[in-house]
Amino acid sequence: MDWIRKMKKIAVALTTVAAMALPAIAHANSLKVGMITTLSGGGASLGVDVRDGFLLAVKQSNNPNIEVVVEDDQRKPDVAVQLADKLIQSDKADVLTGIIWSNLALAVVPSVVNQGKFYLSPNAGPSALAGNLCHENYFNVAWQNDNLHEAAGAYANTAGLARPYLVAPNYPAGKDALNGFKRFFEGEVVQSHYTRLGQDDYAAELALIRATDADSIFFFLPGGMGIAFLKQFAQSGIDLPLLGPAFSFDQGILQAVGEAAIGVKNTSQWSKDLDNEANIGFVAAFQAEYGRLPSLYASQGYDTANLLISALANAEVSDADAFRAALKAAEFDSVRGDFSFAANHHPVQDIYVREVVKEGDILTNRIVALAMEDRSNAFVNDCSM
Amino acid sequence: MSARERGLNIGLASLLLVVPLAAAYFGEPYYLTLATRIAILSIAAVGLNFALGLGGLVSFGHAAYFGLGGYAAGILANHALNGQAILAWPMEIGGTTFMPAIWLVAVLVAALTAFLIGMLSLRTTGVYFIMITLAFAQMLYYFAVSWPAYGGEDGLPVYVRNSFPGLNTFDPVQFFLISFAALMVSLAIFSVLRNSNFGLALRASRQNAGRLESLGIEVFRLRLTAFVVSGAITGLAGALYADLNRFVSPQMLSWHMSGEIMVFVILGGVGRLFGPVAGAALYIFLEQSLGEVSDYWQVFLGLLLLCVVLFARGGLIGTVLDRRNG
Amino acid sequence: MSIVLIAEQILNGLQLGVMLFLMAAGLTLIFGVMGLINLAHGSLYMIGAFACAGIASATGSFWLGLLAGLSAAAAAGAIVELAVIRRLYNRDHLDQVLATFALILVFSEGTRWVFGSFPLYLTPPEVLEGTVTLPGGIIYSRFRLAIIVAGLAVAGGLFLLIGKTLLGVRIRAGECDREMIAALGVNIGILYTLVFALGAGLAGLAGAMVGSIQSVQVGMGEPVLILAFVVIVIGGIGSVAGAFVGSILVGMADTLGRFLFPVFFGTFMDPSSAMSVGSALASMLIYLLMAAVLVFRPQGLFGHVGA
């Protein structure tokens, strides 16, 4: 865990340097970023990756005017709200970022942007923030939450999967996932099955699936739920193709799933093997810095920071209109290749289908198909900005 | 209460009032937010202290009342905002953003739930009681998570702050003063009830329930009343907490919340009037300062709690008073 | 809905029940003998899973991992008993709750400190992979079947241990009268440490087995702990037989509820709302079961009045 301490030290050192050089803060184009992310408890691996990706980009920029304050929200909405207050009131942050979970984002983002601050989301993209609650100071650099599910539905059409069985937890993101899948899917859904959130035994569900005539399974079970589902699926003897969004097959989690995941198709807007200069550089630099392969979340944190850095090169944050225009222009080299913002400040990007493969001893993904090209999102018209 | 303890209490109350106001005056408004949080969590713990400190009822499910109070506030404000009625039949009930009305509803909902849970769980004592209160709170937690109407796991944002006549509740200073006043009122209620006949009987029931029964006092009713009052006060705290965070989530109902409320009471000193305040303040302080030191700050928090249980019985207030006496 | 499907779901309920028993047996023994409520029991479950995953991936042998999981949890239990729990026997339940709550914080974040934030890899051994076909054409996971068998064997062993051995006599004596057993010259300190380690080892075994088909991650013990509480409240605190009956009841109710409620609501509602109402109610079912038991028998099915 040395790198955690190291990053903490870097963040602290940056803070201290900035504090000592207080008069210099008035220097043109200086920027204070408040990062609220999950660094303790069950979901910490995602937050750690976003933070590490973000700090890597800041470090590479060699820009002494960017200061990052990192805080742990413990995945608790009330803590996240208080940290946002602290970062704005006490640390005087100009831009906030970092939140992983949609429910935390819904709690924090509206009040942050209403106070005139900017918020850049490196992960959470709930539909409300893309639609009726959209805001000119809110930018999502990752996705609208439905995107990967939509891509899975679109891919199922071309892959000839006609009768999928859908599984997701019984909570808003789970419902959004299955609705997203159905948005572009043209076949017949055998069943939309909602499981208990945090459920870790899927014996009952697998038995039901076996009893139907489904020809494939689409599932959205983030975190430990997905690991449990995949392991139990492998033990169940059911022989159906699996399809899902990238979350259960990402670099951080894949080693825990093990060989049960090999061959599974999953949708993602990023992959380690995307062939563009920015991505090749990112993967190498991330491995050199932290000694592990970057994950999807790390790529999102990295892109978020690079977007911010690009905006800072063209505008001062004190001039909100210019800074917003600079963000909207998205003039940075995304590790995803082409990247631009839709009218509601959510990405327009390609979404790929990846397959889980084994490279040496390490499980990872490689791209096998393009699921959707220049995908925007379904809520652009709900947003009046 | 000794003169010494009274002095300590006055000192604590003044600190909680003066420090954040001074900090805000000198351009550090964040301390105001922290102090508001301390005040509100203290109210929740005052509620638990009533059942736990006076009645000896170790409820490990007070998050239920805290969360219900929060949801009452969130749901009322939500309906007021979108203009839909909560109930169309038998009479039309709409939402509201009027704080006193919200508080009343929160207190009533929490009290009613505490009555129902109390009816079942007070049939048992000791470790059964602990586990049953925990299990019922978990049941409400799972229900809140899986019931989609009010956000489920995502929680329910409250995009307005509710209003109080004559005050601007968006102003952090005024909202802090409201919370502080609510804390003082709940402490006053605690103090009055503790010294009333009811409070004396309740404390006696903790020592020797059999003797009370032989005196013709029905211990079950006594405990149930205490449990309902306790839940109601914690429910009020929940409503305020929803306003502070502009957000309600099932997290407020989780067993970690129950544990935290209990930790506040014990850290400060069980049964002490200002125990909950001292405990909540210390906990928030530790959370803020340990978080700076390490990502794994909860390890140190755990070790510290362990030391308090093993070596500093009587909590913060008990220990301070002992030390001064010795 | 076919008979085969129902039979498979009953097996699933049995498997969950047997796992819950391994957790609940330790909790109830510790309460019965020492009068202690241990919230950190879920942490011992987690330690078992982490130790099993760690050793299994280091040595490549699931069986060594399983042994390590069991021993690590038992050792952790013994250490915790000697260092902390021992001081709590004469305290009230409140202190016990707080101290063991503090232990959860230490264990959970401590585990994350040592093993990192990512879930660990653990998979069943090759001989137990795949499925078997049971009489009646039921296709069932080999590993789950093994869990049922192992759990029932451990339950049998535990009943023998308590009923037929000297340790069992002392445990039963300790449940009845703590002072008397000390007067009989039994070293009560060693007995308590042994019982605590035994309970911890059972939890560790459960964690290691379940970890192989679920996810080995920090916090995995907490949902199981709450279920185990429900089990022993239903069964009667302190009663191993009660824990067994309670476990099977809760396992069955939970599994069959999740399976049957949506079907039931589907008969008069549209499928998607039947699914969501059904699963919302199914998640509350075991608590309602507990409430019902309490109304009729506040001391639990097998409990003694005044326990």
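Before moving on, here are some points about what is shown:
Letters are used for the chains, namely A, B and C, taken in the order the chains are written, and counting of residues starts over at 1 for each.
In this text, contacts are C-beta pairs under 8 Å (C-beta built on N, C-alpha and C of every residue); 3 or more make two chains touch, one makes a residue touch a chain.
Bear in mind that the values here come from a model prediction, so they are computed numbers and not experimental data.
By count of C-beta pairs in contact, A-C exceeds the other of the chain pairs A-C and A-B. The chain with its Cα centre farthest from the Cα centre of subunit B is A. Subunit B and subunit C have centres, each the mean of its CA atoms, that are 31 Å apart.
Subunit A and subunit B, compared by their mean Cα positions, are separated by 36 Å. Among the residues of subunit A, those touching two or more other chains are numbered 40, 170, 196.
Counting partner chains per residue, subunit B shows two or more touched chains at residues 142, 145-146, 148, 296-298.
Multi-chain contact residues, meaning those touching two or more other chains, occur in subunit C at positions 108-109, 112-113, 276, 279-280, 283. Of all residues in subunit C, only 31, 37, 84, 87-88, 91, 93-95, 97-99, 101-106, 108-110, 112-113, 222, 226, 229-230, 232-233, 237, 276, 279-280, 283-284, 287-288, 290-291, 294-295, 298-300, 307 touch subunit B in the complex they form. Those residues of subunit B whose C-beta lies close enough to touch subunit A in the complex are 28-30, 33-34, 37, 142, 145-146, 148, 151-155, 157, 159, 241, 245-247, 249, 251-252, 291, 295-298. Looking at the complex, you find that subunit C touches subunit A at residues 1-2, 4-5, 8-9, 12, 15-16, 108-109, 112-113, 116-121, 123-124, 129-131, 139, 141-144, 210, 212-220, 223, 255, 258-259, 271-272, 275-276, 279-280, 282-283. Residue ranges of subunit A in contact with subunit B, taken from their complex: 4, 8, 39-40, 71-72, 76-78, 81-82, 85-86, 89-90, 102-103, 106-107, 110-111, 126, 169-173, 175, 196-197.
Taken in their complex, subunit B has these residues touching subunit C: 52, 58, 60, 120-121, 123-124, 126-128, 130-132, 134-136, 138-139, 142-143, 145-148, 255, 259, 262-263, 266, 270, 296-299, 301-306, 308-310, 313.
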